[in-house]
Amino acid sequence: MQVMTFSPEPGAGFAVDGYARATCKIGVLCVTYGAGGHNVVNPVAGSFSERVPILVISGGPGEEKRKLGVLIHHQAKEIESQFHIFQEITCAAKIINDPRTAATDIDAVVRAVWLHQQPGYIEIHQDMVEREIEVPREVLEWDGTLAHAHSDPRKVEEAARDTTARFNRARKPAAIIGIETFRYKLTREIVELGEKMGVPCMTTVLAKGAFPMDHPQYMGVNIGPISPPPIRERVDEADLVLNLGTLLTDMNLGSRLPHLPREKSIWAVQNKVDISYHTYTEVTLRDYVKALLKAPLRQHHEKVEYCDNLAPQPPGDARQIQVSDMLWEVNKFLQGRKGYMVVAESGDMLFAGLDIKVGHCGTYLAQGYYASMGFGVPGALGAQIGTGQRPLILCGDGAFQMTGPEICHAPRYKLNPIVILMNNGGWGIFRPVTERQDLLALPSWPYAQLAEAWGGRGFHVQTVGELRAALAEADQIPSFVLIEVRVDPYDLSPVTIKYIKASVGQEQ
Amino acid sequence: MQVMTFSPEPGAGFAVDGYARATCKIGVLCVTYGAGGHNVVNPVAGSFSERVPILVISGGPGEEKRKLGVLIHHQAKEIESQFHIFQEITCAAKIINDPRTAATDIDAVVRAVWLHQQPGYIEIHQDMVEREIEVPREVLEWDGTLAHAHSDPRKVEEAARDTTARFNRARKPAAIIGIETFRYKLTREIVELGEKMGVPCMTTVLAKGAFPMDHPQYMGVNIGPISPPPIRERVDEADLVLNLGTLLTDMNLGSRLPHLPREKSIWAVQNKVDISYHTYTEVTLRDYVKALLKAPLRQHHEKVEYCDNLAPQPPGDARQIQVSDMLWEVNKFLQGRKGYMVVAESGDMLFAGLDIKVGHCGTYLAQGYYASMGFGVPGALGAQIGTGQRPLILCGDGAFQMTGPEICHAPRYKLNPIVILMNNGGWGIFRPVTERQDLLALPSWPYAQLAEAWGGRGFHVQTVGELRAALAEADQIPSFVLIEVRVDPYDLSPVTIKYIKASVGQEQ
Amino acid sequence: MQVMTFSPEPGAGFAVDGYARATCKIGVLCVTYGAGGHNVVNPVAGSFSERVPILVISGGPGEEKRKLGVLIHHQAKEIESQFHIFQEITCAAKIINDPRTAATDIDAVVRAVWLHQQPGYIEIHQDMVEREIEVPREVLEWDGTLAHAHSDPRKVEEAARDTTARFNRARKPAAIIGIETFRYKLTREIVELGEKMGVPCMTTVLAKGAFPMDHPQYMGVNIGPISPPPIRERVDEADLVLNLGTLLTDMNLGSRLPHLPREKSIWAVQNKVDISYHTYTEVTLRDYVKALLKAPLRQHHEKVEYCDNLAPQPPGDARQIQVSDMLWEVNKFLQGRKGYMVVAESGDMLFAGLDIKVGHCGTYLAQGYYASMGFGVPGALGAQIGTGQRPLILCGDGAFQMTGPEICHAPRYKLNPIVILMNNGGWGIFRPVTERQDLLALPSWPYAQLAEAWGGRGFHVQTVGELRAALAEADQIPSFVLIEVRVDPYDLSPVTIKYIKASVGQEQ
Amino acid sequence: MQVMTFSPEPGAGFAVDGYARATCKIGVLCVTYGAGGHNVVNPVAGSFSERVPILVISGGPGEEKRKLGVLIHHQAKEIESQFHIFQEITCAAKIINDPRTAATDIDAVVRAVWLHQQPGYIEIHQDMVEREIEVPREVLEWDGTLAHAHSDPRKVEEAARDTTARFNRARKPAAIIGIETFRYKLTREIVELGEKMGVPCMTTVLAKGAFPMDHPQYMGVNIGPISPPPIRERVDEADLVLNLGTLLTDMNLGSRLPHLPREKSIWAVQNKVDISYHTYTEVTLRDYVKALLKAPLRQHHEKVEYCDNLAPQPPGDARQIQVSDMLWEVNKFLQGRKGYMVVAESGDMLFAGLDIKVGHCGTYLAQGYYASMGFGVPGALGAQIGTGQRPLILCGDGAFQMTGPEICHAPRYKLNPIVILMNNGGWGIFRPVTERQDLLALPSWPYAQLAEAWGGRGFHVQTVGELRAALAEADQIPSFVLIEVRVDPYDLSPVTIKYIKASVGQEQ
């Protein structure tokens, strides 16, 4: 196990999330009681919300101090306050204060983390640290495997039969792949199922990357009403949409419910399968997919064309660069190269990233639902540790000012992301909808210089050609690289523009 | 009311705390629901713990979304989770979701913030934003005053009588001034009382600054067993120690209870007065001090000598600078200048700052008890907004890497702190007690360059003379100034050295 | 509205439950704060558990007393303790302490009581009693109707279609009627549906009476493995069992899950319909039944024979009477008479009552699941108030000693139940399974004399003939009547005997 | 240990309370989960409220059933609901479900019961019943003693010194003895202290019996403003009132705070001592009294005259008897006889009982504060089991109809109380203040006949002479005796009359 330190704590929290998110393994986050614990509430809430399995370990005051009845160093309302706070953002939380039950308590939290793919919390009493604990035989002899949720096999079978019948009756079925397929390590099975069915496969926003983007059946990201027209039309035409592992919430980048008619859709998620207006409970995605792989599904042979939201790139390399140019250039850059992953920060880059195409089994990560600013850089560092893939980070200047300086830790862990820092001089995504523009301005930082000072390489680019050249050079640089891309303050990514238009429309 | 923005949210939280801490007015912090609210848990817990009156206002999902039953953008376990979290770190929290009671609910939270001098929380439902609310006459006609806690006048009188008798019997009384005197705006009365009694006055760590440091009766900071010897001896000799507003917790920089024998001491704090082994409840510090000001106290005329923990400064300006040199130089700098305040970061600088002497009614701020890293720079920005005094910030490199970049916001708010950044290349305070030194190293940042890039001035100094010169120059610079002081990795402040020695001793 | 008083409070609680249970209207129970409220916890928990809609109104201390901070007359741990206790046994509970929201709070509790068919709780602050309250227009103009739960019409439709297909494929379908059909006033529709389907209809224990016992399709009570053999066999043969309103818990008089294979059964209860291994949520029983009434169900014409657990009655009127004789005699008595209802106490009589056949639309009541002793007499009084039917109460001596004396209130409310008090001198039902028989003995009471003293008529019978004669005479007596039937200490009802045998078998 | 059964559960609850209340030992109450547990909420709340140490043991569903997820026999909202309910009315509650911690959990509950002198609750999982548990050495080797609360010896000493100084300055001191003296088994020490001080000793209502009523210094019961005039005057004259173990709540039979000026009074209760306007915390009554016994208290020699609220008894034995006659006769009866205790029911008899004088170390019991109806008869049975003293129960007809029939259990436990049943035909105490008199009427019961039927002896008396004769005869009867005393419906006890007058006055 590798120990890494970050500063401040939110960076550590995002890094652990990035590690777990990219590897589907449990990441472990150690914090001090009080200021440390309170400072990771936000990243842990993000992991909870997007179902990333991490284990938070915190110290805690011992019995002696509790009995003293005085306030303890670093305390909130009560000594148990930090525990209560973590109960709100974890699937299991325990205070370890009894050597007789410590082993089974810890075991139970770890198992819950795996079962629910959400954070767990352990607070170890200061005076437990040196104590010997009772470890029952079943823990001592544990073989290291962690159980997933169980299905009722009769329900699985009926659900698969029901699905097969409907699928085989359908003339234009399609599949939307959700994040659970990735969390439960089902990517291989999903691809196999997609091929067996021969239908177009899309992903949701949160699940971008859960289906190989360069697979011939991959059609792109479904973002509901603001999807690329071919996707919207294909879904409208579908007489059966199979949603695999799609959380209801992550469909539209908003909180509106999806518009798929239920009689034409199937939803398999959160250990149940909804088919038309009825439900199979106690059916895990894992078991459902495996049952479908064995079912006599009729094979389609639909030809699928990948689509995104990018207009054709205008010609000319000396042009002032725009966000959409950056997306074109990154796509070109990635097309010929293996070993890269992409991490998109929250904000405009979250939307922009939807038009990135990572091939060659490269990972794609973003906080597609919780969308906390600050995830990008530290999350990418954690992800590189876990996967070895080199991250290409899409990040705005606002988010970079939050946690971007964590990049300074990259050299000593031999990490070398390429940060594409889109500098529009402020909180650009709010500019179209805010009256007081002055509240959105951000101070200017010498990003490229900073990169150099921190042991990386810095570039400052303003034209399409400069970016292309910088990327090409970065590919050869062994250290981390930061490319500051100066764009117009009002320039936004294609999806953001559609999203804002849709939101404003919705409110009127 | 001035609106300021910071990035990320923890900076905003510390800035509001600094404002309220320096001015004794209520600071207001606005955050977005979810990532925003979760990200200020740490600074708000610090305000709670050290009794700083701030009001947190968050948005919240409306009824429509709650009824949908789906997960909402930015959510933790339940829609009420953020509310539950803030219940743990505020003295009053309300969800505003009923136009009939909104006005009285908000009124109640604000009154509680003032009464307890702790944070309050208001979460405003999205669909309440445009609603007209009922405002009862008593709120409409409110004169803007907020009530402090009430005393029982008969208890106040008996406590003052009891105190007077004991004080007048004592031959060597002394006074220790605690943070409540400052929170409840009693500095003037405390000075008057100190002069009336004519006894030596010390402060606790958390209350440093609550008694004028250049007052002839001020003796310095009492840090329990590691106090400067004259202070320790004077307290040991005392036959009566009057503790005014001293929270039990902040005596020893640790969690040990103070060693003052109760039969020789009086504690007035948290609305009660303990005299010898008995207690007067329902006696506020405010009313107790006022009663003592009218009581027939015998006047002493003890000559008091100020003392700190600094050894005499070795001669020579070209020497490699040490932490103690910095303290000597800052003290000299401050001696002749008005309009400065000092803000000490957590870590070694929290201890170092105890040897700083701010005169001329300058404010001194530090998180003396909760001690979260990251308070210094943003806290100082908020404090300058509130008081107009120019902050001199003592800050280590570790803490600066957490929230120091917030200094980039200084220019646009016309703020001009002087940051003395003590760069020892890592988490120096843990070096004497940690095995894995590699976990304590920090990457190097080009601090002085950064300062220039952010619109301030940067200095890099290595000798005593260079620091003196840089400070003198900074005094004349209208913008903010950052002076990076390079010190030996194992150099620590005098109090830190004593503290670590004492802690290690305690555990063995 | 009629005000009645009982003594002590448990009697009042059971009476209100009996009223609501028999009429399907909301019963109202008023108690004093403290001893009064605490004393009805048991009957209210019973109403909660068996879904009887009652409203509990309690007083509560006012603000003045709360502020005093002293313990209040009749208090538990905290002033809010009684409220917390009732939160555990009601579907909605409110403290009425704000005149601005009082009307909507009360309205919300009443609506919840109706929606969930469970108790609600209102605690009215003492100082609210004389206050004028704001009543919003929608409450003022309320038309008196209370809403049932809503269905999703598309789910109803699909569920009905699914059901119809399966029903029409089935060759030997059967129906089991559960208590929800009665709570939601669907008896008429259920009978119509039963006739339309032409299949045998049984009830569960808790629902006995929900299907007319003298209807030609009524087959009797299904008690799972200890049912009368024809019922057990018919269910085993069924290729589809339609369970309408059957709570899972009340099938077997125990806690074992029912043994109906799910692929051959349909369960419509608690606003959902389970068909085979899938589920339709948001489908109320009411809407489901109405949809089935319109569906093209194939009609069966199965001839159904009513059956119970009674062996043929041995000849001879002068014989020492047994429990089974009593059941034979009561059945004969009821056969020719209208206007009677039957109420069975908990204990042996709960099981015995399953062999009673009430015809002529007479009500049958028992606490078939919660099974608290003491329900019988007061419950019957409440039920007679509500329905006007004369109760025939089956009650053991143990239960009678608990709340039987409430019968003394009958005369002044012009109530005239006939109590058949089966006196076996103790807690007979435990005799076969208890070592310490002495703990099961009960003192003897002069029941018949007591009845006379309380304004009723008392009989003491020992033979079959005597009981028959006493019943015949009781029929003519306008006042209440108590018939003490002396039976052997070890005599038990047929179902009890089977139940004990099955329980003992299960544990071994 | 003796096992007793009662019916229904409330009787068992009151009996256990009576046992513990009379003996100051822990009483144990076993109930079944659900109906049993819910049915003892009221008596247990009474024990909690009046600080009677009892241990409630309930069964509970096992893991198997919990996992089944179905509703369990006898359940409320959740399986944990009964546990939550008991948390509100006990000082410690645990669910026993882990064999590793079962022993220490049970040990902790028992210790808490003793420490707080309040009920504790243990719920034993069904599947724990046969399990072997770990018992740590300290539990195995426990010597059977249970600790009282600890004092801070320096506080005890200062409090005693402070008290002594004030007592020795006082010219007319007096003492009021409260219930804690009895609960903590300090009666002997209190008498010794009273004799050492030589001052008049009164008790509060709840503590009647805690100071021997026939002691020459005993002055009677202080009932605040409605006390007998000599008591009221003596307290008004007092320049120091020493309140020993007096709960603030039980002074005035109401909720008003006592009118003793604090500068002239001392209150030792609930582990603290209030002297004038200051407080000594962490001083137990036990340690305080022991310190006073050693302190140099000046001895007074005040001559004390016992007084009550009874007007002189009018002459004539053939008169229609009144409540006050009954009190006179009972006092005469008790004067010459040893071995009797008195138990007063709630209602008019709670007030009436204050004029009873039990001598010869006889116990006196009543629920003086919680005042639940129904305590009398079962409480007396428990008390006789515990003490062997024969109870003389004062009971109204209303309360007797609640739990009076429990007397039928007396013969088999060889208990022989004398019940004086004051029959005024209804809820007499409310008659002066209620408009709807019809709601207060109660049916008539043949009480004397019932007593005979239940194995006791019954008397019906109407004149003074008849009562005297019946009592004399009862004294000789070995079985229990019930004497029904028929009084006028509007006749009330002297204290009740004063109380109602005072209450009505207070509200106007």
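Annotations
Think of it as A, B, C and D in the order they're written, each chain with its own count starting at 1.
Here, a residue touches a chain if its C-beta (ideal position, glycine included) is under 8 Å from a C-beta of that chain, and two chains touch if they have at least 3 such contacts.
In this text the structure is predicted, and so the values were computed from the model without any measurement.
A count of contacting C-beta pairs for C-D and for A-C identifies C-D as the more extensively joined pair.
When every chain is reduced to the mean of its CA atoms, the largest separation from chain D belongs to A.
The mean-CA centres of chain B and chain C are about 65 angstrom from one another, to the nearest whole unit. Annotation: 38 Å between the Cα-based centres of chain C and chain D.
Centre-to-centre separation between chain A and chain C, using Cα means, comes to 53 Å.
Shared interface positions of chain D, defined as residues touching 2 or more other chains, are absent. Residue ranges of chain C in contact with chain A, taken from their complex: 152, 154-155, 157-159, 162, 262-263, 275-281.
Only residues 3, 5, 7-10, 34-35, 38-39, 41-42, 45-46, 48-49, 65, 68, 70-78, 81-82, 84-85, 87-89, 247-249, 254-255, 257, 369-374, 398, 401-403, 405, 408-409, 411-412, 436, 439, 441-446, 449-450, 453-455 of chain B touch chain A when the two sit together in their complex. On the side of chain B, the complex with chain C involves touching residues 98, 100-101, 134.
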